[in-house]
Structures are given as C-alpha cells and as structure tokens.
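What follows is a short report on a single structure.
Note that the chains take the letters A, B, C and D in the order they are written out, and that residue 1 is the start of every chain.
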Amino acid sequence: MKKCRKSALVFLSLAMVFSLLISCGSAADSPSGTPGTFTEDGQLVLPTGVEFVDDLVVISDNNKFSVIDIDNPASNVLTNRWIDTLVYDTLVDCVAGKIVPSLAKSWETADSKHFTFKLRDDVVFHNGEKFTAKDVIYSFQRHQAAKGTQAYDNTKNIETMNAPDDYTIEFTTKDVDVDFLMELSNVYTSILNQKAIDADAEKGAWVGTGLWKIVGFASNDYVKFEVNSSYWGQATPTKKLTLKYVVEPSTRLIQLQNGEAQACFQLDQTDYQYAMADPAFRYETVTVNSSMYLAFNMNDKITGDINFRKAVAAVINRADMIQVAQAGFGEAPTDGSWWGIQTEFRNTDIPLIKQDIELAKEYLAKSSYKGEEVEIVAGNGDWVKHAQLAQAELQKIGVKIKIFQTDANGLFAYAKYDGNQAQMVAYVGPFSFSASSIKSFLYPGSVANRASYNNQEVAKLIDQATVTIDVVEREKLYKQIQQIEADELPFIYLYARTTVFIEDKNVGGVRLSADATHDISRIYMVKSK
Amino acid sequence: MAEETTIDRVDDSEEFLLEVKNLTVHYVLETERVEAVNDISFSLKKGRTIGLVGETGAGKTTAALSILNLVPGPLGVIESGEIVLSGNNVLKLSPKQLEKIRGKDVSMIFQDPMTSLNPVMTVGDQIAESVKLHEKVNNAAAYRRAMEMLELVGIPGMRASEYPHQFSGGMKQRVVIAIALACNPKLLIADEPTTALDVTIQAQVLDMIGQLKEKFGTAIVMITHDLGVVAEICDEVAVMYAGKIVESGTLDDVFNHTTHPYTEGLFYSIPKINNKKASLVPIPGLMPDPTKLPKGCAFAPRCAYAFEECSADKLSLRKINQTHSVLCRAYDNPDFHLNLKEGHNNA
Amino acid sequence: MLRYVLRRILWLIPVIICVSFIIYTLLSLAPGTIVDKMITDSTTQAELQEIMAKYDLDKPMVYRYAKYMWGLLQGDLGTSQITGSSVWQSFIARLPNTLWLALASLVIGVGLSLPLGILAAKYSSTIWDNLTTGFTLIGMSMPSFWLGLLLLRWFSLDFKIFPAGGNAGLKSFVLPAITSGLMLMAMVTRQTRSAMLEVLHSDYLRTARAKGVPEKSVIRVHALGNAWIPIITTIGNVLSRTLAGQAIVESVFSWPGIGRLTIEAVEQRDVTLACGCVILTSIIYVLLLLLVDIMYAVVDPRIRAQYQGTKKSKKAVMA
Amino acid sequence: MSGNDAATLSVSKRYKKQSALGEIWHRLKRNKGAVMGLVIFFIFVIIALYSSFFVDYNTQVTAIDPSNAYKPPSSEHFFGTDNMGRDLFYRVLYGTRYSLVIGLFSVGFALVVGIILGSIAGFYGGRTEDIIMRASDILASIPGLLLGMCIVTVLGTNLFNLVFAVGVHSIPEFIRVTRGSVLLVRNQEFVESATAIGYGSLKTLFTQVVPNGLSPIIVTYTCRIGSAIIEAASLSFLGFGVPVPTPEWGALISDGRNYLRMAPFLTYFPGIFIMIAVLAFNILGDGLRDALDPKLKR
C-alpha cells in the first residue's frame, strides 16, 4: 500500500497541481476510461448512452446516527463519516494515498509548519452563501472548540490561522506536523457555513458545499439527500439519495431482494454467501484497517504476567474467530505487529505466535496462574463471540474464563485506563492509516488504552516519532515501538474485518477505502431495460 | 321445512283463536330424552283466558314457548302436533313469518322481571322497538306510543327514558307487560307473571291484566301453579301433570266438579279460609322423572284410587260433558267418584 | 362525569413525578455514562473531564436530578443529551408511527376477534368453537418477537409479499400489526366468547325474540350490547401490555416508533431522552386506561348513573 | 424450581381442611385443559431435572466446534447445531430450567410482595390502603418492558436480575387481587370471631383472612407465569437478559434470528418450547380458575 512521504510528495504534488487545473476546469463531462472506475484524481468515469435511476436507497451498517454535526461528540460514529463525505468538502482530498486538490486549488509548505492554501473562487454553499476563507477560519475555530470529537483532534495542532484575502488561507501548526495535509484531507476537517449555523443551531450544521444536500433526517432512522445542482465538481446523474438504518440485520438482504433498497454497507455476515450467489447483486469487499483485539489489564495480578499473556496468544484460533464472527470474511495477520493491516510503517518482521497448544501449556506452567477465574469484558455482537471462542480454547489448557457481556458504554466505563476493573477486554482498535493514531492505544493515560499499558520508553518514542520529519527515521521509531509492544504483548491482534458492500448489479460509483471512510457520493444506478 | 303458507287474516268469528292439537315436545340430550310435553291439546276463543295449572316441571313453560315456536335451540325438538293461531300453523312458519306474528298476534310475559329487561336499553326504547317492528311508524311516534303504554300500566310516561335498574321488581313486570301489549296482540301468554312478586304487587298486576283484557279483548294463556290466581282470572282451566293435560274444562267444571285425583290432591294441599282446622293433605311421592315416564297414567304411582289398568299403556281422554274432560281410567266404571264433595270451592 | 375525568387527569402529576424519579435514578446508576461512547480514542483525560462538565456529569446525581425536575415542573422535558434536539420534538416525531401501528394492531386485534368470539359463542361446542379456543390459546402463548421473525421469514423472505421493515406505506403495516395484534386478538376473542356465552343464556334475549326481533339484531343489538363491558375490560388490560410490547415489534421490523427510541436512549445512556420517553409513554398509558373507563360509562348505563350522581334519580322518585 | 409452587400448595393444606384440597383436586381432574397443563408442566420439570444431572454443561451445552456449525436437524443433532457448532437440542433442554425458574420465581416474588402489601391494604384500609394502592398504580403505569430494561441495565445481566426485573412488574396485579379477596373475606363472621377470641389483627390477617382468599391469588399466580416467561424471553431478545453462554430460550431466539435464512430451525425450536410452556401455564391457570372458584368460571 502506498504511503504519503513528506518531502517527495510535496514536489510531486506541485507539479501535478498545474496539470489538474486544466482538467478540473473542464470537469463538466466525465473523463474517458472504463465506466464505473475512478481516475487518478478522483473523477468518476460514467457509462455512456444509458438512463440512470433518479432515487436510490442505501442501507447503512449496524451503527446508529443520532445527530448530524461534525462538532457534536455524539457524531463520532462511522455512519456519520459517510454522511459527511456526501454533504461537505475539505480543503484537500486523499485519493489512493495521494493528496489531491479539493476546495483548495493549490498549497505550499516549506517546513511542514507554515502552510498556505489558494482556494477555489467558484464554490457555493447549499444555502447559497459564497465560499470564502472566512468560512475556513470559522469552521476550524468551531472544530477546535469541539472537545472530544475527531475534528478537534485533527485541528488542535493549529496555532494560528489568517486569511490575507478571500481566497488565500495560511496556517501555522504548534509544532512540525508531517501528517497535517493528511489530517486536512480527513472528512472531519470539513468546511461549514457560519451564517447557516447562526440561523439554526440544529440544522445549520447540515449546510456544506458537497455534492448532496440534506433534505430530511430522522434520528437513528434515515437521512434523505437531494443533489446539489450548483456543485463545483463533477455532477452525478442520481437525483435523490436515502441512507437508512435497519435495526434487524437479518432483514437487510430481504429488503435488497424486495427492491426496498439498492445497496447495503453491511449485511448480516451469514447473508453474505446468499447475496454473492444472487445474480441480481454485485459486491465489493475491502479489508478494514481496524484491528479486532484482546487486551490484557497490565496492572492485574494474573493478566499482568507476560507468560499468561503469551499462553493466551498461543491458544487463540484466528481462523475459528473469523469463521464464527464474520462468516469467514476477515484477514488474519501474517506478522506479530499489533497495528492496522494497512497502517503506515507496519513492522512485518515481528514473528506471529501461531496456535500451539503445547507451547501455550508451557507458558501457562511458567505463569503465576493457579486456576482462578479470569473475566473477559466484551461488547455486544462480534466481540462477545471472540470472548466465547477464547473461553472455549482456554478451557482446553485449563484456564477458567467468565464472560461479562455489556454494551459499549458499560465496556468503556469498566475498562478505563486508571481503575481498570477488567482483566481482559475484547474490542476493536482504530481505523486510521496514520501511525500517530496508534498513540491513543499505547500512550499512558490515554482513554482508549484499555490495557492500562504504561511503558515510559514507548511514550518517549511516540513523542519523538510524531515530530521527526525524516520519513526513514520516523519509520524506524514506529517499528521499534511495535517490537516493544509485541514483546510485552498488552494487546493480541486477532484479525481485520472484511466489509462487503452489496449493491444491485446496475449500481456503480462507490469508493470503498480501508479506513472505512467510504464515499458513496458518486453512486449511480443504470436503469435495467 | 313447512310449506310456504301465506298468513291469512281469519275474521274474528266464533272460530277458535288458538288451537293446540296433540303437541309433543322433547329435549334431546346426549344420553337421555326429557319428555317435557306429551300430546296435549287445548283451544281458546278470542277474549277468553285459559289457565295452565301444574307443579313446576309439568311442562307448562315448554308448552307456552312452543306457541311462539321459541323452544330453546338445538336441544328442544317439537316432535309432533299443530298449533293453529288465527288460522296459521305456527310450527310450519318460516323464521321471517314467525317474526311478523311474534309481538303482533301473540306475545309473552316472563316469570322473572329482574332479568327479562335489557339492562343497557332504556325502558321506552324496549317498548318502542316492538312497535317499530310491527307498525310502519317513525321513531318519535313509536316512542310516544311507548310512553302511552307506560301510562297504561301505571308508570309515569316520563320515566320512559330511564333504565331497568332504576325500577323495582313490580314496576319492571309492568314494563314487561307494556312491552307485550304494545302492539295490542290478540293472544297474550303469561308464564307465571306474579310468582316472583310479593302478594300486594301480585294483586295489582293481576288486576291490571284483567282490566287490559277487558279493554283490548286479549285472549290470555295464564301459566301458574297458584290455584288462587286461576280462580281470580281464568275462564277455563287445564291441569297438567308430567307433560299431559289430565283434566280440562271451565272454571266451574274443574273447581266445583273436580274429577281427576291429581286435581283433587291439588285442592287438598291449599289451606281453606273457612275451614282453618282442616289439616293439609299433601300428595305423597314426587313428580316422575321426565326421562323415564311410567307407562299408562303417570300419576298412577301416587294416585289413591289407582288400580292395575291405570298402568296399561292405552289411556284416552274421556269427555264428561261438553266442556269437561279427564284423562283417567277410574271412570271406566260408571259409579266411580272422588270423595271430594261437589261445590266445595265456590269460585 | 367531567369531575371524574378531571380527577383522573390531575392524578397524572404524581405519576409523572414518581416515574421520572424511578427512571432517572435507575439510569443514572447504570454503569457507563453518555460521554464514554462519544469521545474519540485520542481524547486525553483533561479533555474528558471538560466534556463531562458540559453534561454536568462531574456533579452529583442529585444535582442533575434537581435540575431535570426543575425543568420538568415548568413543562420542559429537556433536551436529549445526544442529539441536542428537544425530547418533546423527537418524541412527537416518532409518536405517529407508534400510534398508527397501535391503531392497526387494535383494528386487527379487536376487529377480527369480535366476530370470531361471537360465532364461537353462538355455535358453542361445535368444531368452530374448538378451533377458536385452540387458536386463541396458541395466540396467547406465542411470544410476539418469535411470531415477528416467523412472519418475516415466511412472508417477506420466502413469498416476498410484504416489505421487511421500516414504515414505507400501507403494506409495511401488515406484518408488524399482526405481530403486535395477535396477543390482543387472542385475549379479546376469548373474552368475547365467554361474555357472549353468558349473555346468550339471559332472559332478555328471550324477551327480545318474543317481541319478534329478528335473530340477527337479537345478537348484534341485545346480546353484544351487554357483552361489551367484559370485552372492554380485557381490551384495556391487554392494550397496556401490547403498547409495552411495541418496543419488541419495532425492533424486529425496524419500525421507527417510541419503543425503539426508548431502547436506544437507554442503550446510549441518554438519561433525559429515556426519562422523557418513559414519562410520555406512561402518560399515554394512564390516558388509555382512562379512555377505557369512559368507554364503560358509554356502554353501561348503570355505571353512567354512578357518575351523574343522585340528581337524576331523586327527581324520578318524587314524580 | 417448583419449590415455590409446592410452598403455595402446602400453605393452603395447612390452613384448609383436607377435604377442601381433595375437592379442588377432584374438580381439577375433571377439567381436561388443567390436566394437560399439569402434565406438560411436569414434563418440563422432568426435562429440567434430567438436563441438570445428565447433560454436561461444558461438553454438550457450551462446547464450541465451529467446524460442524449450522447442521440441519438430523438423527445425530435432533434440533441441528447453531453458529458455534453447539447442539441446539441440549441447549434447549438445558434452557428449560431458566424459563421455569424465571417464570415461577419472578411471579413468586411478586406474589409474596403482593400478598403482604395487598392484604395490609385490604385489611387496614383508610390511609395505608390509599398509599399502597396509589403506589401500586404508579408502578403499574410504567410499561413493563421499559422498567425491566432499566433494572437490568443498572444491575447487570444475570439470572437473578432478570427474575427481579420481570417480577417487579407483576406486583401491582397481585396487590390488587389480594386486596380484593381480603376485602371480600374480611367482613365475614369467622374473622370477627377470630378477633373476638383474642387474635391480634396481624395474626387474624395472616392466619384467617389471607388463606381463605387464596384461590383468586393462586389463579393469578398461574396465569402470570406464562406472561412472565414471555417477558423474560423478550428482555433477553433485546439483549437485556441473561449473559451470553446461558441458553435461555429468549437468548437462543435472539442468537438464531441472524440465521433466519440459512438455519431457521435455530429460531423455530426454542420458540415452540416457549409456546408450549406458556400454553401449559395458561390452560393450567384456566383449569385452576374453574376448579377453585366455580362462580369465576366462564
């Protein structure tokens, strides 16, 4: 997988920018190429000489979207990302790992600390307001005030912002931030409109510059969109789009087959085989960069013992877990690193502890475990299945496991960094490509550090890595962190889930990405004769 | 089913208004047959009142119900016989035709006023319903007619809009009578109308029935077990025992020239005003089981005068005179007589 | 009559206060708060504290409850901690769906069960009667969610007749209404049958027949008129259980109703929304039972007389 | 499991003459439905006992073997296997005890609380009656399922909490029924004679009044068990029931619902068992109603 290298990238992008300008100008019709695919710079190639369906319904996954407002902590849900990609635009975009222009025509930075962006002057918000640098400043200030959200995390590093004229914006970050462009391409740093938000606190945040306008929203039920006729970028033949949440997973495929919906983000795993076998459908799979893990409470008497953790690692049967929890749709790791399969700088030469019952018994004998009951805290759904399988496997080597099933809120309260009541936790890790996002799991005191892992050396290395500009040096640091983590084994990497996006065979234009920021803004459906 | 006979209105000549011929009604249960009414016949002229007398379980109510062809549902079966009411055989009429004559030509009063009225309908509506069914009148006229009927039976017309639970037992019975007489029927069947009432109210109700009889010339079949009531209001009497009419005739025939031993027993078992010292002589034994009636005369086992022929199955009605007949083998020998003195019961 | 209704409505106030206390304390004691799920993985402890302060979660529960009650007394149900929109708005947005579904299950429940019950009583101890009794017993014993799944499997998966979820027009009402209406139908049929059996043997039907009233209206007017009271009692009892069961039906059929809103609120620990939903559902509950009592008076004059006091009957006695 | 039921019967034995109990049994025997209900109930008790002694929880009920998952019902696996290869037949058998325990004990708990509060309300009347009745009305006006959900969310998912959550909702009904029967019995002569010979009011209440008012309570108890089982199954269907490996019938259906398409039997069998169990209690309740209170009969 490609990685964004800082220096080589900057010069390359500058050269590209000018060539793109010409092509963007004439963006009215779609570029040539095989229909349904995207060009290098994110333009969709549409099939020609066909009629398109006006109104499409897409079923979201198991997550509920209760509010649509980037700066509301409650919208840290996966589904909200898909809604944001439809409705908002960001300064720059990241297509296949490369930064491409979006609202910003061009940008330059010498030292990854001071950035200057030249903005497009032909962009209009959904409420008719013109897009200027003032909107960028307002949006970023609003993000910086929204503690607890991804937007805050992406923008808290910005120290000063100013707009010399309506179409230029300059940023200076507190300290050198190599991933700043990557963070700006993230949907969370989208541009909102001040006038709209001041007018209506609740619905004002729905106004963006994106391809789609929100025309209807029922919390945890559906979002209705209409195409933004005055969109600056490539238009789409689809007129109306509905994203709906279906509580009962088993009914999602039924709704697809009955024509109540044309595409679905996540079917019930057991229905995948039927959907794939059904000629009326086509499916796209992507292995999500997130890591399903088992975490050990490092401060606990039993799980704090490295041999016990190694014994557990040697007993886990990843193939079974993928089969039972994901009906076979998952990717087991080939190396011992704990990071996302596609996260940058993954250290692939760490050996993986494969399932070996005898080895596990040896480790257990060496450990201080004397038959007590160990408790696994697991969230509802897939994670409880992981816990059950772990329980069954560990029973074989004489380890008694008790499962405490609770919903997400209960799990977070139970497995906090300080005062961690859980001995083991079955949950999921971050999705992001950037290595810096791993900090939240290993850094002492971080909320998501469910293992209460407190290794000062790792903390020092993490701090150092985030500020090293040189890519080679940074890679060495992150790999060293992974090696230490693998030795101490606070987390065991189970597998990466493979999402299967099911769509009617006449549907196209969906861009799946490994960090699950799927983009369905260009979705279209050809009318079958 | 009955062949379609059209209802022809017979003019009220000397012809009988009601003729019941050889009526037999049994209740068919899974395991046994209850022979409630066995081949009874009697007839009634317009304006006359006949009393059907007998102990409970003698089949009086069943006989009455069959006149309106209202014998209850699948169990009750009218085995044979005819009931001719102003020219039409009620048993052969279709449900539609039955509904036309019920309430119009013949109507009925029931024993227990407390449960005979629909608790959720106003008294006025219940009377008006009958009027609307049989006469082409609008609701207002029917309701006015109901208020008139209430006045007739001695209840203030305004109370028509009240509900049954706001009336006493006696008042309720008056309402039932008002309902029955709303369409001025030719024949009224009264099934022990006063049994459930106390004596003073009983007298008022009987008195009122008598007045209405005079006023409208309504023929009445009065069913009772109280000989006092019979003496008070009836012209003719038919004594029933175990589903048969054992003795029938005019009031004078039966009261003063009692012929059947059972009737004699009945008279013995009621106290005499003028002979306080006489001790009551109850009839020994109990009513026979209607599912296993003995052959011949059902009263034989309890009859003081019984002899073997009585139990023979051939038993025919003997006419003593033009109006008086009896069902008793004892009179086969001419000089048989009861030891009850003639004329003991001056009406 | 009005005085009685007013007293019952005034009775709602203590209900609201007690219900809000019970639910608020229960949910506040639940492990995990609303904030736990909201923060991102890289939020620091300091930022966490700041967010907690925003939702008053750093203050003791009593403070939050007092603030909530103060708002409640002024008729303001507060705003949902997650969506920020007012609890009343989100409740009202979802209320029609639940009411329509409840109405549909009522139509199926009561609409079908009346004729069934009457026929079973009229032709009692025949094949039809035994069939109905068997059907009602099974209907009462069947868990609604299981029935929902079966209907989903057979009617929208195999036969593709009905949509599998969501509120998309009339056809999507059918399966959920049957699922939530079956228990109601079974109970009301049983009660209709027993009430009619009792009424059919009563004397005033014989009086009606003796008046020449056609059999059809003897049953419809006289018999049913009197059978209504026990039927309405059963409808009242079972309706409250059906309304409670809506949450299940809504989950199985992805029906955007109040039940699901409450479950989601409880799962997300959105205390104000959950509390608001339970209070409003309880109010609907109490009003429903009041409606059933009023139906009594409409149907049964004896009860209506109690409400009208002695004014009327005194006049009658004097006359 | 049926301990509680026996307790109720033994209570009535001690206070009622032997013939009364014999007489109830005699009338109960005549009612076909009641007998069938009893027979099914005992079959379930036997299943529960059999499964606790002969079915090994670890090897047969929770042993995971993903290789033979989703096997349709066959001679080897009567009810087929679930998504983790566990034999559904043994899981359903083992689940019997949970539903019985939940049904009997949750309503039993409500019975005990209901009798105490109801009889005090009925017997003393006045202020105490008002308070108790108003409180029970308030509890009754909260929808059962929602209350159960909140309770389980607070106390956590385990069998005891589920029993408590389901039981709490039936308390108001028992209070009402007990108060009704106590009011009926209170002003009968033998109660006055009891106080006359020096019984304290509490003693009178619990030795004379309550035992004679037992029949409607027993009927309500039996009928409520059916709905308690359904309510418990509904709670675990929504995820508020028993923790994961416990094969409670509602939880089995909740797991099975994701495999409606390829393994519908995972949903059918637990549902049928719930239905039969609830059916048994319903017809038993009807039979008891006819046997105990002839005037209550249809």
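What we mean here is this: contacts are C-beta pairs under 8 Å (C-beta built on N, C-alpha and C of every residue); 3 or more make two chains touch, one makes a residue touch a chain.
Note that the structure is a prediction, hence the values are computed from the model and not measured.
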Given the two chain pairs A-C and A-D, which is bridged by the higher number of C-beta pairs in contact? A-C
What's the chain with its C-alpha centre farthest out from chain A? B
Taking each chain's centre as the mean position of its Cα atoms, how many Å separate chain A from chain C? 42
Centroid distance [mean C-alpha coordinates] between chain C and chain B, Å: 54
What whole-number Å value describes the gap between the mean CA coordinates of chain A and chain D? 48
Residues of chain D that touch two or more other chains: which are they? 156, 257, 260-261
Residues of chain C whose C-beta touches two or more other chains: 30-31, 149, 152, 157, 251-252
Using the touch definition from the top, which residues of chain A touch two or more other chains? 248, 250, 406-407
Return all touching chain pairs. A-C, A-D, B-C, C-D
Spell out the part of chain A that touches chain D in their complex, as residue ranges. 248-250, 253, 268-271, 273-274, 320, 323-324, 378, 380, 384-385, 387-389, 391-392, 395, 403-407
List the residues on chain B that touch chain C in their complex, please. 68, 70, 95, 98-104, 107-108, 110, 112, 115-122, 126, 129-130, 133-134, 156, 158-159, 162-163, 165-166, 176, 179-180
Give every residue of chain C touching chain A within the complex, in rising order. 30-45, 47-48, 50-51, 80, 82-85, 90, 93-94, 149, 152, 156-157, 160, 163-166, 168, 250-254, 256, 260-261, 264, 267-269
Show which residues of chain D lie in contact with chain C when the two form their complex. 134-135, 137-138, 141-147, 149-151, 153-154, 156, 226-227, 230, 233-234, 237-238, 250, 253, 257, 260-261, 264, 267-268, 270-271, 274-276, 278-279, 282-283, 298
In the complex, go through chain A and note every residue touching chain C. 64, 66-67, 69, 72-74, 76, 147-150, 152-153, 201-202, 218-222, 244-248, 250-251, 254-255, 257-258, 260, 406-414, 417-418, 430, 437, 439-441, 445-448
